[in-house]
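One structure is given below, represented as C-alpha cells, and several questions about it will come after.
Residue numbering begins at 1 within each chain, and the chains themselves are lettered A, B, C and D in the order written.
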Amino acid sequence: MAIDKRVASAAEALDGIEDGATVLISGFGGAGFPNIMIRALRDRDLKGLTLVVNSATHPFSYTHELIEAGQVQKVICSAARGRGKEPSPFEKLWMDGKIELECLPQGTFAERIRAGGAGIPAFYTPVGFGTDLAAGKEVRRFGDVDCVLETAITGDLALIRGDVADRYGNVIFRHAQANFGPAMATAARITVAEVRETQAEPIAPERVQLSGVYVNRAVAVGDAR
Amino acid sequence: MKPLTRNQMAWRAAQDVEDGTVVNLGIGIPVLVSDYLPEGRDVFFQSENGVIGVGPAATPEQEDPDLVDAGSRRITLRPGATIVDSAASFAMIRGGHIDVTILGAFEVASNGDLANWDMRIPNKGPLVGGAMDLAVGAKAVRVIMEHNTRKGEPRLLDACRLPVTALECVKRIYTDIAVIDVEATGFVVREIVEGLSPDELRARTEAELSIPQDVGVLRAPDLG
Amino acid sequence: MKPLTRNQMAWRAAQDVEDGTVVNLGIGIPVLVSDYLPEGRDVFFQSENGVIGVGPAATPEQEDPDLVDAGSRRITLRPGATIVDSAASFAMIRGGHIDVTILGAFEVASNGDLANWDMRIPNKGPLVGGAMDLAVGAKAVRVIMEHNTRKGEPRLLDACRLPVTALECVKRIYTDIAVIDVEATGFVVREIVEGLSPDELRARTEAELSIPQDVGVLRAPDLG
Amino acid sequence: MAIDKRVASAAEALDGIEDGATVLISGFGGAGFPNIMIRALRDRDLKGLTLVVNSATHPFSYTHELIEAGQVQKVICSAARGRGKEPSPFEKLWMDGKIELECLPQGTFAERIRAGGAGIPAFYTPVGFGTDLAAGKEVRRFGDVDCVLETAITGDLALIRGDVADRYGNVIFRHAQANFGPAMATAARITVAEVRETQAEPIAPERVQLSGVYVNRAVAVGDAR
C-alpha cells in the first residue's frame, strides 16, 4: 500500500498514546512549538506524563497547560523558571513536590536525546563537571578533561513542529524552527510532525531536513501556532 | 571616576573580538557586543538555537516568528549564514568550534571558575540553558559584569559562593571599572577606569589583584 | 530435489518484506531482493552510505558517479528519497530505525550468532564495513545464504567457527533448501524445498533442527 | 577583513600540515573522494601520516597512492581488503608490519569521528560487543544491552569532497557525496573542502549542508575527480 503518513486531525495523531507516556516536545527561542498537538494532548487528558522539553515554562509554548492540568509527573528540561515574580504553575507544583524535575545543560539535554535516537546508551561529556547539576553522576577523566557520564533519553511520543511534510513524512523546517525537533523525532517510538501544510508530492531530496523514516504521522495545521 | 555604562562595557568587549572568528553572545549585556564591532571585522555570531551568522535585530517589516535567536529575539541573517538543529548546534559549541563566548556572570573566581546560571531565587525554578555548554566548550570565555553587586558586594572572588557553571574557564572579565585577565597566578588587571586608583579597585574586589605598573586606562566613547 | 537459485532465494526473502518498512540489503544475493517485492508493497531501501530510498539500478543514461549505494552501484532514487551523511546513516541503523536487514552470511549459530564479516583470507586485510552495525541495530536480521559451503560443510552450526559479527541477532535464514527461524529453543524449520526429507535436511546441518509436523514447502517461481 | 576561505591551489590548501599528521579522508561507495587533494598530499611527500579513511583500498580513491609511497604509518578504517587476489600495496605493508591497522565497524568509525568533532571524549555502543574487533576494549552493560567503550577520533587535517563552496566555506554536496565528509570536517584542526566550484556569493542558508564554521579552506577543482 502506498505509504501515506498524513493524518486528518491532531486527535488522530495521538492514537495509541497512553497514561504514563514520555513525551518529547520541540521548540526553543520562540520557534518550533507544536502547540496544536500540545493542546490535543491536553484534550486527551492523559495522566502521569513525563515531558522532555527544553523549557517547562516558555511563554510561547502551551506546555504549561499540560502541567497546569495536572497531567505531568516529571519534567526533563534545561529551563524551569517562569518569567513573572509569582511562581509559575510548574514552579508551584515542583515546590509542592508534585512534579519531579531533572534540569540539564541544554547541550547535554540535546545530546542525550540524540544518543537515544542513535543507539548510544551512554556517553561522557565535560559539560556540567564539578557543578550541582552533575551531583551524583559518575565521573571519569579522559586525557586532561574531567567528564560526567550521561545516558540516552528515549520516549513514547515526540511532538515536533515543521513547515511542510510530504506523504512519506519527510519534513522541511522554516529558519530556526527545527531546534530540538530532528533529534526528538529519532528518539521516540511515535513521532508526530505538526506542520503548516502537508503535500502528496515528495519533497525534493536535497530539501528534506528530517527523513520520513523518523516521522510516523504528519498533521497540517495551517498558520495556527 | 565614571564607571562604564552597559553599552560602554559591551563596546569595550567588542574591541577585543578578533577578525574572522565565530562568537556566541550571552543574553543581557553581551548581546549588545555585536552593535559595537570595529569597522572591518568580519565575525559570525552563533546562537545556541542553531543560527550561525546572526545579523542585526529584525525591523518590524523584517520580523518573522520563526527567525529568532536563543533569547527569542527576532533577528535577521548575515550573508553566509545557515541554521542547524540543536543537537548540531551544541556539538559545535561543545566541540570547541566557537572561538569566543562572551557571557554575563554573577561571580568569577580567581582560578577562572564561573557562576552565571542560578541565583537560587526563592519560588523560582532553575534555569541553566546553554550556559554550561558554552563555558566548557568555547575556546575562550570572556565575561561582562558589573564589578560589584547592587549591594556593593564583590563578584571577583577567591572562590565562587553561588553554584558554579564551569570550572577554570574564564579568561577575561570586562567590568564597569576594569578589564581583568585570569592567569595561572590569578587575576591580573589590564585596564582601570579613569580616576580610580589601584587601591580603590582592590577595595572593591575580594580576590587578590595583580596590577602591573603599566596598567592601561579603561576608556570608552560616549554612547549616549 | 532442486535447490533454489540465487534469484529464487532473493525472491523468497522478498515475500516476507512487510509493507511500509525500511529495509537495508547487504551486498551479494540480498541486494537482489528489491527486484522481487510483491506488487503493492511500498518499501524504503536504505543504504549505509546514507541513501534512504534506493530506487532501481541506473540505466546507462541515468548513471551519475555521485549517486551510488554502499556497494558502489550506480542507482536511482525512489519518490520520497533523501540522503544523509554517514554519521546520520549509522545513527539510523544503530538506533533501531531499520525495520529489517537482509544480509549474506558464512555461518549462523543456533542462538542467532552471525558470522559474515571475515573469511580470514590469506594475504588479504580485514573488511567489516557496516555489517556489525546492521546486525546489532536493525529490528530484524534475516540472512540469505547457501545451506552448505562449496565443500559441503554445514553453515548452520551449534556455535560459529569464524569470527562473529554480532551475538544472538539472526531471526530468519533463507537457504537454497530451507527457511529456518531462530527461536529461543534454537533452529525451527518453516519450509523445506520440495523433494528433500527432514532427515536429509538434518544431514546437511550441524545444529539441531526442530521440524514441525506442518512444515511448509519451499517453492519459488522459475526466474530464468 | 571580509572572510574568504577560497584558496588558489591544492598545494596552498595544505599549508601548515606536517610530518606525522593525522589526516581524515572522505569518500565511500564510489562518491566523495577528495582525490585532487590526496594527490597534493602525496606530492608534498609528508611522512608518518595516520590516515582515517573508510577504505584503505577503494579503487576509486587515490588513498592507496599515499600508502604505496610509504607516507603512511597507520590506517584507521572499516575496510582494508584489496579487490584482487594479489595483496594490495596496503596489504603487503600491513603483513610486513610496516603499517599499523585499526579496523572498526563502519558506524563506530563514523561515530568516533562525530564524537571527536562534538566534544564527546567517549561513548558506549553495542556494536562490536563480543567480536574480535572489540577485543581488549572496555565493556559495560546498560539495561540488557552489552556495550563497548569507544573514544573520539580527531585529526590535524580533513580532506573532504563537495560540489560547491562559498567564500564563507559553506558547502553543498551532490547526492551521496557527503558520506563521511561532514563528520570529518568537524573533527580536524584544518578542513579542506575540495569542490567542483567555489563562489563569492553565499549559498542560500537552506541549501548549506556543511557550515563554513567547519571549513578552513576551499579549493575549486572543476570536474576532475
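Criterion: a contact is a pair of C-beta atoms (placed from the backbone, for glycine too) under 8 Å apart; a residue touches a chain by one contact, two chains touch by 3 or more.
This structure is a prediction, so every number in the text was calculated from the model and none was measured.
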item: Chain labels contacting chain A and also chain D; value: B, C
item: Furthest chain, CA centroid comparison against chain B; value: C
item: Which of C-D and B-D has more C-beta pairs touching across its chains; value: C-D
item: Rounded Å distance, chain C centre to chain D centre (Cα mean); value: 29
item: Inter-chain centre distance, chain A versus chain C - centres from mean C-alpha coordinates, in Å; value: 35
item: Gap in Å, rounded to a whole number, between the CA centres of chain C and chain B; value: 56
item: Contacts with 2+ other chains: residues of chain C; value: 83-84, 90-91, 93-94, 136-137
item: Residues of chain A touching at least two other chains; value: 111, 114, 118-120, 125-127, 206
item: Chains touching one another, given as label pairs in label order; value: A-B, A-C, A-D, B-D, C-D
item: Residues of chain A defined as touching chain D within the complex; value: 111, 115, 118-127, 142-143, 145, 147, 151, 206-207
item: Chain D - residues contacting chain B, complex; value: 1-3, 114, 116-120, 166-168, 170, 186, 202-203, 205-206, 208, 211-214
item: Contacting residues of chain D [partner chain C, same complex]; value: 28-32, 54, 56-57, 60, 78-82, 86-88, 90-91, 94-95, 101, 103-108, 110-111, 113-114, 125-133, 163, 174-183, 225
item: Partner chain A, residues of chain B touching it in the complex; value: 47-51, 64-72, 74, 83-87, 89-91, 93-94, 118, 121, 123-133, 136-137, 163-167
item: Residues of chain C defined as touching chain A within the complex; value: 19-20, 22, 40-42, 44, 46, 52-53, 77, 79-84, 90-97, 136-137
